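Structures for review follow.
First subunit A sits with subunit B, and in the next complex the same chain sits with subunit C.
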Partner chain A sequence: MSSLNQYISLFEQNRATIYAASPEALNRLRPAALSALKQFGRLPGKRDEGYSKTSLEEMFAPDFGVNISRVTFPVDVAQSFKCDVPNVSTLLGVVVNDEFRPSATLLKNCPEGVTVDSLAAVAASDPEFVEKYLGHLSADRDAASALNTLLMQDGVVIRVRKGVKLDKAIQIVNIFNAAAPLMSVRRLLIVIEENASARILVCDHSQSSDYQYLSSQVAEVFLGDGATLDYCDIEESSEKTSRIAQLFVSQASDSRLTVNGTSLTVGHTRNEYHIDINGEGCDTELAAMAIADGSQVIDNSSRINHNAPRSRSNQLFKYLLDDKSHGAFEGLIYVAQDAVHTEAYQSDRNMLASADARMHTAPQLEIYCDDVKCSHGAATGQLDRNALFYMQTRGVPEAEARMMLMQAFMSDVIDRVPIEGLRDRLRHLVERRLSGEHAVCGDCAASCHK
Partner chain B sequence: MEDILLKVDNLHAGIEGKEILKGINLTVRPGEVHAIMGPNGSGKSTLSGVLAGDPKFTVTGGSADFHGVDLLALSPEDRSHEGLFLSFQYPVEIPGVSMVNFMRAAVNAKRKYFNEAPLSAGDFLKLMRQKREIVELDNKLASRSVNEGFSGGEKKRNEIFQMAVLEPRLSILDETDSGLDIDALRIVAGGVNRLKTERNATIVITHYQRLLDYIKPDFVHILYKGRIVYSGGPELALELEEKGYDWIKQQVDNQ
Partner chain C sequence: MANDNKNINSTDNASSDDVLRDVTGSDYKYGFVSDIDSDIIARGLNEDVVRLISKKKGEPEWLLDFRLKAFRYWETLKMPDWAHLDIPPIDYQAISYYAAPKKKESPKSLDEVDPQLLDTFNRLGIPLEEQKALSGMAVDAVMDSVSVKTTHREKLAELGIIFCSFSEAVKDYPDLVRKYLGKVVSYRDNFFAALNSAVFSDGSFVYIPKGVRCPMELSTYFRINASGTGQFERTLIVADDESYVSYLEGCTAPMRDENQLHAAIVEIIVEERAEVKYSTVQNWYAGDKEGKGGVYNFVTKRGLCRGDFSKLSWTQVETGSAITWKYPGCILAGEGSVGEFYSVAVTNNFQQADTGTKMIHIGKNSRSTIVSKGISAGHSQNSYRGLVSVAPDASGVRNYTQCDSLLLSSTCGAHTFPYIDVKNDTAIVEHEATTSKISEDQLFYCNQRGIPTEEAVALIVNGYAKEVMNKLPMEFAVEAQKLLSITLEGSVG
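Showing the complex of A and B:
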């Protein structure tokens, strides 16, 4: 029996409660999601194409609780979450399990033309806006996003209106806080309108490392003509946390997008990036770094569709795998027939720090147009022995030299992060991660286990 | 024994089961400069690698005593702390590791080895500034990744800069002149000479007499087929320059 069924029956048994707790703009998407799920019949497993290292069937198999009846978890937002990204003052919102809570500064300082609010609230106050966007990109095209749509009850809406250039970064902290195994259905709707710009930082944390958590995340991003978005996502949860995160983006002409994914601590994660370049003159940078040890699994897949001419995309994925960890990267660049003068590059570089670590990589190009520049490359290797010896001859102890080399390996991904203070933060996090100080974002209060 | 810095005794070593060093004997005292010359493939770089602790070589016999310490029993980093320095023939590029971080790690590791507190940021920068002058190394290089994108001359000057910072008791310069034009050679050799004291010593490994015009050796040894087959004073280098290695090869091969 498929583990999907337990969630379908959960939905069917609690249909009335779910419908009563959510506005129509969310409920209206559920019937289509349900029939799509019934058609899929099951979640993808390792034998399905593109899922060689992730079985969602297994990930969803434990009988996770879902907060159907909207129990409020007692987390004092003001107390627990002070943003600590140096030199970056952010507009902070926290998602406790799946419930959005704005910080006091966010409520006070949110500039005009900018919305950072609960999805449930916006769906009630401005259904027209939500209906115009929500579900349009995810569109039940796969079982994971359909299940997210079926069960979603809240989430975050970020909207930056036409022409508004938002200086401050918006930070969304997703946090698990439950003394029982829990699945959270998280939803993010981002609309950056014409010529507007924003920077968004999303961090995942688990306040307890004792319980199994599962995060189902769907983010839909709409970039208007000439819009700019820098989007950074950091996973620093726990080894008992799993997640399936899907990012769907639609880019209109001359829009600029930078996505940086960082997977530092998590049990099993699957990140999917679906980016549709629908306008001319777009620029898309997608970079991700993954550091795994123990028996962690980090699985990234990307699909960039060049549907329009004269746009450029560039991808860099880097993995550092130790112990018995597994990494997977499947990346597809698709260039449509009339997408002339497309430039699309993809690179995957991996370092195996142990004999038992495994990397699976599958770069793919699908090009239906002659006049393009595209390239892809993948390489997996080990620490440079010559560099290690060189450093040792200067007196740097082997363990420290290894760590410096591993950090150096990640430096070009970090250098691409467009938020300066965040780059320093990431260097620090990577250093801590590599020195074996596990999981917690140090003094970033968002993860303090108090 | 007090005045012997390095005593290599009947050293045998090889790589992947193939013996390259077949019984090296060498004694170096403080204040001395030794040149080791020899044709290609004679084992010159193997000798420097084995002394520095390169794990790709296996020592199969003999010993190396470094001011009373069993050199071959130490890790490469502890050999460095004890005062051994190897200037690489091909300095390694390390993308992503800045010179500053690299040197800070090196300096503080040595201080830790001798139970000293790490240098303060101010003192460290002062030290860098002082030592840079010795080889006229550009400040810009400090913020760059180790050796990455350095010219051949910059790489070798960077080696001598590191030597100046670490103040070794014994420096082994492996083909330091390779890839250098005459101006860079003068600067590098000048740096080595400025670092020379009565307490420390230098082993210069080279193909050519050229470098020895700038760094004057007290002894010249000829390495051939994994053994030091001939030792003499500085005049031996000139003789080699004039006559090549064939006469030595013949002498040895006919024995």
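Showing the complex of A and C:
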């Protein structure tokens, strides 16, 4: 049976259970997803355009369990998570596999006008809101998001109402904890209304590295007029964890979006960023870094659609690949015919640190408007020998010089992270990662690996 | 004051728009039809047609086998749809696969060539007549994919250089042809390569022996004349050790309402320390201003730099064709081999182009340079698509790619789709691309120095394409300049 059919038949056999466990606002999207999947017929493989290093067919092939009957995993959130980024006070929520559990601080301190809650709960209490947004951006446009829609049962809703400026960052920690191979089907719905602002930090962890996990995450983000969102995503799971994370964003006029992706310890990760700039005067910053060794695979794909005039976007992707790791970057800037005065830039820089590391890059421009400034650049190389030599002549030992250069290479991605405390944390994590320590979150998510 | 500025700018805008319209709105000069008696076989494609073509050309058994294998493989294929092109369905059974100007015997001297045919090539400015020997170019003229006349053969033969039509080569040098045919572009390479391998009617064959530096430019001029036909020619160039050749290719076609198919294959083999320079000025009929008619140009060109320190350089000026699908590539297998690709692609009206290159680095210390300049106007779509790949054992590879796009209207499109695959940690691969229009700042700067807007546009477009034009051999640069001035009339001074 093909990977896809295995999940379609899982759905068809358990249709009643799934429908009974979920509110109507979620269930109503499933028929369309099912017919879309049947139309696709299969999951994309490496021969499909845009999937050069990722075969979803293979990724979804193991017979992962899906928590259809909504078993609550025995994890005492309050006990095991003191996860906190130093100097950054956050509103913390934890998602165990795909089930949302707010922290005590979150329940107590969540300011007025801000909702951070379980998707299932909000879908039951405020179905109109969920119906208005959920599924509109992902819209079954590819097999992975359609499969997510077919099987989704929970996730997180973050809503910041009109004009509310949230100082504290919202931190969502996704944790895998199961004593069997498991697929978690997560959903994030983020709505930042007019002139509101928020900072969101999403961390991915695996609590056990004994089992194969697969995480399928679809995040839909709606930015209202003049809204601001900083979105940081850090993945530090295990080498047995595969993940496909899709971020769909719709930006209204004058909204500002900063997205930062960090892939440190992963098995096979595919991150997709689909950003639609639908209003004038938007500003979009997208930066991601990947450090990989062993046989890890990190695959980033971005598509920024400039559908409206006078917007600006800037992308920076950096990869450091060691051992037998593979990296892929496919990025597209699309400028519609009436999107005049668009400024769009994209840059991809990759460093190969071993003979067996592989990098595939496809930066693309598709431009239908003449009054634009667009550019992209991609380079793949290795550490600058001259710089290394220079440092050695100044008495810096080679190993240290290498470390410094690699850190410097990554620092311009880290510098773009808008949350100050998080920048320091990331620098620290990168340093440890580069020095060969298995990058556990240290005392950040201290308990994740206990 | 602010208002005044605005006014000045808006008039400037209007006038520069007019200039651009003038610049991009001129006609095709080579659209005439020559009234030449042609031998055309019935439309349609099946095994019998393949056998008939082979029989008409009196080919040996092995070549017929090659064609049949290709045809059977082609039947299993579907037309590729991955390019950024909107290709209307092509009825492959509605095309005649063989058309040749009728001739009694192959001409011994120029006097025996049909005067009408000579006139055609003279109108195209191709020096077929020997007295034009001064122009210093050996020409193989191919009309409707059959070679009409090759000049300067004797002089070249003294040096041991073989320059003749493909069918003559099959007769006279079967071993050489058999040794190299299909070695760089296999009939299994792609849909159009398979089609060409099955039905190719003629083309040029070049062999440069060891240590010979070809004293003149070799040139093939392709012309589609008969209607309802396609053109399927094949070029095979072999440069033996330490040889050098510069090869030019030009193409034109009459103006017709129907779309004509051109699916060619060019194979080049470059041995140790040899160098081949291949220049193309492609000016197939591009269709009228409403996008009606024009040639579909689906070409597979590839060179194999087999020897160490060999070099292959592609230069192309693409101004014609309704649809272009073409990726001249280099397989850099030899150690220290060098691949170059310089391209100017101009699209206007409803033309579509998806063109670029492939640099496949297999040899150690191989290097490649890619410079691609796209100019889009009217409602055209112009895409660069390229691949740079570095094999695991190819250490010390260096690539630099630059592809720029210039947009001359608000309704056209310019796209860039580079693919970069690096499998070796000592490679340095760089890609840069920019897209912009002629900026008001640049125009203003020129105006300010007393250069009228029209000349300023000319200056900027000219300067933009210069980097590539400079790479063309002198004989061709003149023609290419002329062509740019037809497509972008008034801008090249």
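Note that the second predicted complex is superposed on the first by the 446 of 450 C-alpha atoms of A that agree within 3 Å, B and C clash if a C-alpha of one lies under 4 Å from a C-alpha of the other, contacts with A are read in each partner's own complex, and residues count from 1 in each chain.
Rule of thumb we're sticking to: a residue touches a chain if its C-beta (ideal position, glycine included) is under 8 Å from a C-beta of that chain, and two chains touch if they have at least 3 such contacts.
Note that the structure is predicted; figures quoted are calculated from it, not measured.
Participant: One more residue to check, A:Leu365. First (subunit B), second (subunit C), both or neither?
Facilitator: So A:Leu365 only meets subunit C here.
Participant: May I ask you to decide whether A:Glu49 touches subunit B, subunit C, both, or neither, giving the answer as first, second, both or neither?
Facilitator: second
Participant: In the superposed model, which partner reaches more residues of subunit A, subunit B or subunit C?
Facilitator: Counting residues of subunit A touched by each partner, the higher count goes to C.
Participant: One more residue to check, A:Ala336. First (subunit B), second (subunit C), both or neither?
Facilitator: A:Ala336: touches no partner chain.
Participant: Check the residue A:Ala379 against both partner chains and state whether it touches subunit B (first), subunit C (second), both, or neither.
Facilitator: Second partner only, subunit C.
Participant: Could you look at A:Ala355 and tell me whether it touches subunit B, subunit C, both or neither (first, second, both, neither)?
Facilitator: second
Participant: Touching residues of subunit B toward subunit A in the complex: what are they?
Facilitator: Going by the criterion above, the answer is residues 52-56, 75-77, 79-81, 85-86, 88, 91-97, 101-103, 105-107, 109-110, 113, 145, 162, 166.
Participant: Show me the residue ranges of subunit A that touch subunit B in the complex, using the header's touch definition.
Facilitator: Against subunit B, the touching part of subunit A is residues 384-387, 389-398, 400-401, 404-405, 407-412.
Participant: In their complex, what parts of subunit C are in touch with subunit A?
Facilitator: These residues of subunit C touch subunit A: 82, 84, 392, 405, 407-437.
Participant: For the complex, which residues does subunit A have touching subunit C?
Facilitator: 49, 52, 337, 340, 350, 352-382
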